[in-house]
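Okay, so chain A shows up in both of these, paired with chain B first and chain C after.
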Partner chain A sequence: MSPLANLPMIRLLVAKDWDLFQRQLAAYVGAGILALALIGSAKPWTFYLGSLLLLVVLVAAACFAISTSLLTERKERTLGFVMSLPVTPLDFYLAKIAGNLVTFGVPFVVLVGGTAGVILSTPVPDGLLVWSLLVFGHVLLAHAVSLSVAMAVESEGWNTFAMIASMVLVNPFIMMLGQIPAIAGPMRGEAIVWSAEAIAILSTQVLLSAAVIGFTGWVHCRKRAFY
Partner chain B sequence: MPPAHGAPDDARRVPHRPGDAMHDPSRMHHMDNLRALAMLAGVLFHAALAYSPLMQPFFPTADRSNAAAVDAVIWFLHLFRMPVFFVVAGYFAARMVQRRGFGAMFRDRMLRILLPFVLFMPLVLWALSASTLHAASTVAHPSPVLQWVAQFAAMDDAPPSPPSTAHLWFLYYLMLFYVLAWVVDTLGGARIGAFLRGLHPAGLLVALPLLLAPALAMVSAPHPAPESPLPQWWALQFFGAFFALGWLLQGHDAWFARLRPVLPWLVPASLALHALFLHQLSLHPPGPANPAATWSLALLQAFTSVWMTLACVAGARLLLAWRTPLLRYLADASYWIYLAHLPVLFVVQYRLMDLDWHWGWKLSASIAATLAACLASYELLVRRTPLRRLVGGAATSPSVRG
Partner chain C sequence: MTAALTLSGVCKRYPAFALEDVDLALPEGEIMGLVGVNGAGKSTLLRLLGGLALPDRGTIEVLGHPMPAQQVQAKREIGLASEDMRLYGSQTLRWHMDLVRAAYPRWDEAYAGELLRRFDLRAAQPLKAFSHGQRVKALLLLNLARRPRLLLLDEPTTGLDPVARAEVLEALSEVLRDAARSVLFSSHDTHDIERLADRITFLHGGRVIDARDTAAFLDDWRRIVCHGALPASVGQWDGVASVRANGSLSELRVRGAEAVVGLLRAAGADVRSVDPMNLEEIFVATVRGGGKH
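And then the complex of A and B:
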């Protein structure tokens, strides 16, 4: 059965995830708006508090979406029920990707846009935009890796490790950015400088994210059964 | 229609002629009329800013001819005009959610709020910018802002002006409040709403202003318009409270009956508070020396806002629950007037700046010309065209009016 032929079932699986997630997603969206409002106040302490809250919201949304949509589903034997439905492993994969696009992708895009708006429309130096996008790029890559691991590996331990390790790596990543003069230098200035280093890092993050998700999809395409 | 849906009693008594929106029993006439009057008040407010001594350093169309009496009137209006709009918006949003759910409400608001915001904001910003730049180079008696614009335009390396939503900030905040309404509802906000509705209205008349005063103390007095594309904390708190109030009161007519004993006192009490506000404002005028309102100014603004907004909404139920073709027409045209009036007003007032007229004549002429242009363009561009579905009045679908 082609994935398109089973679109109604994929839609139902996404709707199921939406029903399960919407309370938590509502909390993340509310916290995201609060974070943007704090950043928008353009005072040093509200800016730092808002930025921190924004990062916490993003990481929490990323981990929560994976944990609830895949890991808890396995634990509570919901997957057994899903397997009894007329769905192929690819349908299941597409439903999970679509579900995560909503639960993580929508807040992610809104928060990236909001952060860019904050930087460009407040006294915060515009040079911070490149650095911020690179940090968002890391969160995107970490989410893609965690999602793929969760889809491919059943072990809860490995999944927890993948999520925590990939997200915590944001700290050394931020430190690493601080060590690159072409990125750290223009951060406090008004000019938005897209250095070769910054372009290379961002391209790698986006391409790796797409490759990891694509590879997981390819593996699922070849599966004839769920296990 | 059951009373729980919030239809006024008179609407159920009047026979409905099929196909005649004027006699549609689901129509909330007092809310339509209130919206039309609030829109007219908006045109008056924006037009009068040019003749306000307080706004001379800040408003592009500030005129040589001005009067302190203008300040006394418009800053009173300012404190409840937009809150009334937010109460009406919250009321209709709750009504649609109650009838058709959040999904339908979001779909409708994407079409009626987000799409017009995205489509018209570039046009409005371009029109305001073009007329201001033209005026800066042609007006013989420019305002301080126009003088600054002329100097700015002459600079070779002038930085771009900060992004703004202009007067369309209202649409932007509405979208935020629709999302936040879903957040609060999903997290079990209905229980809090039921608790708040159970309180006596007199408690709300005291508690709500006290809750809103800290938000108003964060910004200058009179409070500015939150035109930045970023959500402003004070505006979320202040205007969000009025949106929530409209949401909570939808379908709860009994609450207004409980408010009725204090209703006659709200307007005179608010006028007295406003007199105090003007006195305090003369001691702490807005400017670099007073970037934020004093606590007394914030409290006076908060009490006047809440009391006058409730007086308008409750008063409309008593005094405006009837149908009139003129107000119905203005209510239908109000969205278009809201979108179009400021660019038109700027063009008109820039033309008036060099005339040696009394401010009263200039104010009357600018209001008349702006309304005439807006209504003519409504007839030509909106009322009988597909644009009506986006920015026209309640037409064919009940979803349009919530």
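And then the complex of A and C:
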């Protein structure tokens, strides 16, 4: 049966996840907006505090979306109930991807948009936009990797490791960006410079995220047990 | 008559357990009880039928739908409740009812309301505030009110207090009166199975060791009490599952009692009584006999 034919069930599962997690996600968006307000006030200490808070909020939202929609479902044994509904493993996979696009994607897009708005409309240098989007790109990739591991691997230990490791790598990633003159150079200026290096990194992040998610679907549809 | 379910040569292997070469069929409208000790393969069998696990070998058909190819169509007509299946603790029973109602067009809201009253459940209460018995009843409500053609129940009465157990069994008895509905259920409690099932399947060590209708099981097996010495070879006779001596009395558990009683009398034994056995005794005798009878 084509997943398109079972679209109402996929929609139902996405709505279920949204129902379950919307309150917590609203709290993350609220914290993100506070972080943006701190960044926007453009004093050095509020800028650094706001940036740090924004990163924490993004990482927490990514981990929360994965752990509540997948790991908790497995741990609390509600997965059997969900899979007993008229769905195939592919429907479940598509629902989880779509559900995460909503539960993580909504705060993510709000915060990306908010960050761009703050950078462009306040005294914060506009050149910071490219650098910020690359950091957001890393969080997106880390979320895709963690989501894939959560779908493919049942071990709680490996899942925790994948989440922490991929998110913590944002630190060396930021340091690496600082070592690339074509990215670090324009950060303090008013010009938004999309260098070849920046485009290459962002494209790699987006393509890798899509590839990881696609490969996970292939793995998931070959699983032999769903409870 | 069409089959509610058929399994042919089904195998499912896990690192510490394997379900081997299971052939089983349940005609539509009948009730089959699965009897087996822990780890016999009852839950695995029910998960395979419910589409929660895929067989390594063999074919499964549920209500005419090959599994897993047509699992969506099959699952639309199945109700599956298992002992280890949980609902969302943070959400109310009403939330779960709305979710299931959206997934099953045959959901019967009036019947759901009736079950709420009968099971004394509060729809507005979050599941985390439910006792174990209430959770079991809530899961049963969500399955029964979708009006399934096939009901798969894994240990539906395990861990329930006597009152909750009676309520669940009454609800099940009512469901079972619907001649169009087929039920496969497992239970540790052989009394439940003896009371409700038309057919019984014994599972042991991942294999079906016997499967027949309930009346045939109960008619076939007898407990024979004899006085005096018995031939040394009596334990090897056809149909004799066990022999236990207690002083001058010996108790035999046999299948096909008429022939064994004849042989005992011919050997000079004093047969004092021939009594029916209950399902639990029959199951134990079958397992000890390796299912060879």
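What to note about this one:
Heads up, the rule we're going with is that the second predicted complex is superposed on the first by the 218 of 227 C-alpha atoms of A that agree within 3 Å, B and C clash if a C-alpha of one lies under 4 Å from a C-alpha of the other, contacts with A are read in each partner's own complex, and residues count from 1 in each chain.
Heads up, the rule we're going with is that a residue touches a chain if its C-beta (ideal position, glycine included) is under 8 Å from a C-beta of that chain, and two chains touch if they have at least 3 such contacts.
Please read these numbers as outputs of a predicted model, since none were measured by experiment.
When both complexes are overlaid on chain A, the residue A:86 reaches chain C alone and has no touch with chain B. When the shared chain is aligned, chain B comes close enough to touch A:114, but chain C does not.
Using the contact criterion defined above for the overlaid structures, shared-chain residue A:78 touches chain C, although it does not reach chain B.
Residue contacts after overlaying the shared chain place A:12 against chain C, while chain B stays out of touching range. Contacts of A:41 after superposition on the shared chain: chain B is touched, whereas chain C is not.
By the touch criterion stated above, A:22 is placed in contact with chain B alone, chain C being left untouched.
Of the two partner chains, neither chain B nor chain C is touched by A:169.
When both complexes are overlaid on chain A, the residue A:33 reaches chain B alone and has no touch with chain C. Residue ranges of chain C in contact with chain A, taken from their complex: 47, 50-54, 56, 68, 70-73, 75-76, 78, 80, 82, 84-91, 95, 99-100, 102-104, 139. Per the touch definition, chain A reaches chain B in the complex via residues 22-23, 26-27, 29-30, 33, 36-41, 46, 114, 117-118, 120-122. Chain A makes touch with chain C in their complex at residues 1, 6, 9, 12, 16, 19-20, 76-78, 80-81, 83-88, 91, 224-227. Of all residues in chain B, those touching chain A in their complex are 162-163, 176, 179-180, 182-184, 186-187, 218, 228-233, 236.
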